[in-house]
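Here chain A shows up in two complexes: once beside chain B, once beside chain C.
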Partner chain A sequence: MSTTTLDTSAQPIDRFVSAFQVNHGQALNGTNASVAKRREAAIQRFQELGVPTRKQEAWKYTDIASVLDRPYTLPLGPNEADVSARDLDPYLIDDLDAHVLVLVNGRPDHSLSQLDALPEEVTVTSLKDAGTHPAFKAHYGEYADAEDEVLTALNTAFVQDGAFIHVPEGTELEQPILLLHVNAAQDDLLMQPRHLFVVEADAKARVIGRQLSLTDARTFTNTVTEMFVGERGYLDHYVIQEEDDNASQVLSRFGYHEGDSVLSTDTFTFSGEVVRNNMTLTPDGPNCETNLYGLVIGHGSMHVDNNTLVDHVHADCVSNELYKHVLNDQSTVVFNGKVFVHRDSQRIDAYQSNDSLVLNNDAQIYTKPELEIYADDVVCSHGATAGQLDEEGLFYLRSRGLSQERARILMMKAFAQDVIDVIEVEPLKALIEDRVQDRLRTFAS
Partner chain B sequence: MSTSETEYLENVANQEYEHGWRTDIESETLPEGLDENIVRYISERKDEPEWLLEWRLKAFRYFERQVEEGNYPDWAHLDYERPDFQDMRYFSAPKEKASYDSLDEVPDEILETFERLGIPLEEQKALTGVAVDAVMDSVSVATTFKKKLKEKGVIFMSFGEAAREHPEIVKKYLGRVVPYTDNLFAALNSAVFSDGSFVYVPEGVTCPMELSTYFRINDQNTGQFERTLIIAEPDSYVSYLEGCTAPMNQKHQLHAAVVELIAHEDAEIKYSTIQNWYPGTKDGEGGVYNLVTKRGICEGDRSKISWTQLETGSAVTQKYPSVILKGDESVGEFYSVAFTKGHQQADTGTKMHHIGKNTKSTIISKGISAGVSNNSYRGLVKVGKNAENARNFSQCDSLLLGDKCGAHTFPYIEIGNPTAKVEHEATTSKVGEDQMFYCHQRGLGEEEALKLIVNGFCQEILAELPMEFAVEAKELLAIELEGSVG
Partner chain C sequence: MALLEVENLHVSVEDEDIEILKGVDLTINEGEVHAIMGPNGSGKSTLAAVLAGREEYVVTDGSIRYKGEDLLELEAEERAEEGVFLAFQYPVELPGVSMTNFLREAVNSVREARGEEELGAADFLKLVRERAKLVDLDPDLVKRSVNQGFSGGEKKRNEIFQLAMLEPTLAVLDETDSGLDIDALRTVSDGVNKLRSAERAFLLITHYQRLLDYIEPDHVHVMVNGRIAESGDKDLAIRLEEEGYERFQREPAAA
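This part shows the complex of A and B:
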């Protein structure tokens, strides 16, 4: 694979700026004027904003600068990674009948994908091939905030490829779309995939993203996903994060949905080195339903940072947010949830809840559930708890004949169950149950 | 919202400040501006020992460096023009004799001032048994009940006096909880503090009465920098009340106080504040900047510190009365009602830092916003690595009166020990239509109903205030809410 190496002797900003020049010819639609213009503006903005430091409120607990400051290489051309269908077999979800798009090192690989059963009117392809699609033109770059979010600016500047999904008006896609994000890097690699999901009015889709590593190379993935849901539309987006312990990532998701639509996101984090999830969801129309769910099973020295914003710019909407964390070993979890209700966004019901189960002395939890409210006719609430397993509960289970270990697993599992139960895709639910169970078993022994 | 309710809220929001008048007493005032000479002058004027001057100068140099480096604490959810530190006066004292032996010697104007505030010294003395250390423009003008306290060994005097009479205690504890390096305003206060209160409760003594101080900013353009230090020796108890009012003034005034509390083994300190500084005109002009550092340390095992505050005044309020729970089984409490209207902005809350084992903290915060005001709760609950079995419960409720105000919650929770049990909950809503309807149906008008509901909303906090204060607090809330209902 052709790559360019980041010059670590230069300041991080200069490093990326000079790489930007090298990348120029390889970037997405080098000839498309509007994309090129966004890229130029984004690198400019990246230079102005600089690499986030812990002095910035949004990065107070996550030292992303040191993750960025590593001698990564940047991929320039398409993949030459050696991945076969057999390598991927174990990661296709059992009993799941899905349309599968495989992305290797951030780029779709059509030879590994299974999209034959896709209805004709639905598009699932690489972003690179979507350049002339009307939905690409209408929605690309419209929701991602490359102005204030420095890593989104960086992604926008270096955009090469990613997944593109379009479900046209009135189409209800029965089978979910499975995006297999495969990390198969041989060297230290910095990837910046960019995805765009467009679900038009009265359409319905479920998208499952599963991130995994086939190698143990040190990687950093800076992903930006834009989601659009039209009126009365429905999009359910699941992300399963189980990359290698050497893999760090910032996943920024921007969701925009119109009146009477539903946009749900579920994020399950099982592994990774530094994992930062930025989520900005904007329900812009009456009677929108916005759901955010998350489960983090922290172990080893994992550092997971969930940063969410529900931006209520329109009246008469409902949002629900539930994040659960189980922390063991030296893991660190950060949760920063914000609900913003704008001046005239009356009659908003916004609920936010965030619970942490801390199992080890060295584990740390930082949580900040924020409400910023400028309208009076609203009902907003948030709750946050942190604690350990309830001794009385354990005692009860022991008295019913369960072993210490089984009692602990059962209690931890019950704690996580709320978030698992919202999964609407049964085979996926079974997979998550298994993964959670497996991990908790190691915690209990 | 019904028309009359809207009108009522408008009336409330438009209400002018009730305590806006100035007492004509000749004051001796320094010119505007701040340099080392001013610091030296203040220290000399107050007849301070050398070490205190040295400490002030160190703080001043630190302050200068902070200003140069631009370390202004501007992270809060507040929008205001930074005060110009060179455009302020740092000392102002009533020109007549600065201390009095009895109330008879206090000039009538001052007594009248307090009377208009609704706290006649005489009456308080007679009816409530409260010792009042009235601070007007920085210098303590009247201290009552000194004798009774003396019998018990309780020291309650102005900070200046304490520095002269009990230097060993002051030296030991000054800056211990809030060092001058804490933040820019703490540094400024440490350099130029003019006076304040000092309380020392000896071992095993339960202070026989509530101690109370009223602070007033009187002179135009004078910053008020008081410094309060309260030390509770093992197994002692003290309840301290602080109330503030400032007259109307077009220019912004800065109020940067520092309060330090130290509770030793089995000791308890209860600190209550009613803050009613001038909030500015209804168009958002003038008003007090209330930028205060308050912190207590539960030094000994089983000690307890409790903060209760009713914040209704000031154009800008930024304060986070905090507790460091160092002793095992120590307890920290924070009860707060913050009411903002007009153009007021408040960013207030607390920090509970759990260090010792089996420590407990409770945070109950009620924010009420009206007009175009912004009211934020910002709090930190931090459980250190060795703080076994720490327990925290936090509740932050916001009530919105009107559709142009804002209510925000920024709770930080940092946990480094798995045995910690931390709960936080927050709600934001307006006064329920069903609640109003119920009140109407029982024969209450708009205003009465709203008063009743707001009072109920704050009940938990007001109940924490000492009796005399609770009555005044209720009255104050009612006045703030008052207007003519159409």
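This part shows the complex of A and C:
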């Protein structure tokens, strides 16, 4: 694989800038024109903004600088990772009839994908091959904030490939699209995939992103995903994070949706070293419904930081946010949920809640709900709780014959249940149920 | 051999130097219905909690033998498997814990301990419908989370319904009558009466004689200040209703 090794004798910022300069005009410009034209400005912004430190409010509890300051290599050519269909078998979701796009180390691999059943008018392809698609040209880079978000700027400068999905006006895609994100890195790779989902007016799609690792390499993935939903459209985006415990990532999602549309995100985090999920959702039209759900099952020394913003720039919308965390061992969860209601955005209903079950003294939760409201006719609520398993409830179950272990599992599962219940794809729900049960079983014994 | 033999039971609250039970003696035979009455704070509910295996109480002296074995050696779930059942004074709401899943697991763990076969889904549902009828409980409530959104009366009926599902040998009812209106009290009592059998004993804990109009006890005990102050038949309950507990509180209880 063609790679560039970062020069660790230089400051992290300079390392990336010099790697950019070395590769600019060659490897980096082979992608497509829409992508290429944004690179220069992005690397410049990256240089100006600098690597976030813990002095910045948004990164107070997540030391991303030390994750970035590792001797990574940047992959700048096609994959040479040796992944076979058989390697992926265990990760295809049982009973799920889906259109599957496999991405190995951030790049689509069409030979491993299954897209034959895709309706002709729907596009699921690599970002690299999407350059001439009118929707790609119209939407790429329009929602991701490469101006103020330093990791989004870094991604925009270095992006090589990713997934592009286009569902044209009026098309309701019946089967979900499964994006299998396979981390098969042998080296300590720094990958920067970039995805764009465009769901046009009156169209409907469900996209499931499942992240997994086939190796235990100490990788870092800096992903940017842009989502657009047109009027009366519907997009449900599920993300299942179960990379190796050595793998770190920043996943920045930017969703923009027009009037009368629904944009939902469900994020399930089971493993990873440092996982930062940035989410900015902007409902820009009347009667939008915006949903954000998340579940973190923390074990070992996992560090998960969910940083969300619902930006109510338009009146007459509803947003719902619910995050649940079950924390064991020395795991840490950070939740920062911001709801911003602009001055003219009247009649907004915005609900936010996050609850944490902290199973021992070494686990930590930092939670910060933030409501910034400038309109006067709105209904907004937020709530945050942190606690332990209810002893009274455990005793009730045991007094009816359930073992201590079973009682604990039932109670932990019950805590997570309402986030699982929002999953509308039954085989996916079954998978999440299993994954949650498996993990909780290890917590209870 | 008696089903339950409580001898000189002394109980304190964990971490505190407060003795709540100060030498309780109580013998219950198979099939008998006993009622314990007494003023607030006399230790009635503590006795129920200790029988069910609550860990925040410490037995400092005395013994409890159940079917000839040391009950205090058993964990709460083991007691349930051995046929001890506590109907809670305040049944716990468990949002997200499905009543059906929980109850099926409970029934099957108790059945397994008795050497019986696991109930399949169909047989289980049949049993649910049959036993729910005993206490006039809407079987659809079983589709909800445990006790969540149940009225006070439904929670108490749900306790007796679970009793009926688990078929215990010793059922302890901790103030099951409190918070029930007359109609609900009659329904719950009818349910209990239908569950009386030669093998199943009941220990009813109550403040009021009213319950005993519906469920006729074989023995009535008065608990005052951590001890059984007097025992008798159902007439004792009627006398208590007329005279109150004052008589016992003024005189020190007999040792």
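Remarks
Here is the rule we use: the second predicted complex is superposed on the first by the 433 of 445 C-alpha atoms of A that agree within 3 Å, B and C clash if a C-alpha of one lies under 4 Å from a C-alpha of the other, contacts with A are read in each partner's own complex, and residues count from 1 in each chain.
Criterion: contacts are C-beta pairs under 8 Å (C-beta built on N, C-alpha and C of every residue); 3 or more make two chains touch, one makes a residue touch a chain.
Note that this is a predicted model, so its numbers are computed, not measured.
By the touch criterion defined above, A:Phe395 reaches chain C but does not reach chain B.
By the touch criterion defined above, A:Ala414 lies against chain C but remains apart from chain B after alignment on the C-alpha atoms of chain A.
Look at A:Arg406: by the touch rule set out above, it reaches chain C but stays clear of chain B. In the superposition on chain A, A:Thr8 makes contact with neither chain B nor chain C.
When the two structures are aligned on the shared chain, A:Ser34 is found in touch with neither chain B nor chain C.
Between chain B and chain C, it is B that contacts the larger number of residues in chain A. By the touch criterion defined above, A:Gln186 lies against neither chain B nor chain C after alignment on the C-alpha atoms of chain A.
Contact with chain B, but none with chain C, is seen for A:Glu57 once the two complexes are overlaid on the shared chain.
Of the two partner chains placed by superposition, only chain B is touched by A:Leu359; chain C is not.
Residues common to the contacts of chain A with chain B and with chain C across the two structures: none. Residues of chain C touching chain A in their complex: 52-55, 75-77, 79-81, 85-86, 88, 91-92, 94-97, 101-103, 105-107, 109-110, 113, 145-146, 162, 166. Those residues of chain A that touch chain C in the complex are listed here as 390, 392-393, 395-404, 406-407, 410-411, 413-418. By the touch criterion given at the top, residues 75, 77, 385, 398, 400-430 of chain B touch chain A in their complex. By the touch rule above, chain A contacts chain B in their complex via residues 57, 327, 343-344, 346, 356, 358-361, 363-388.
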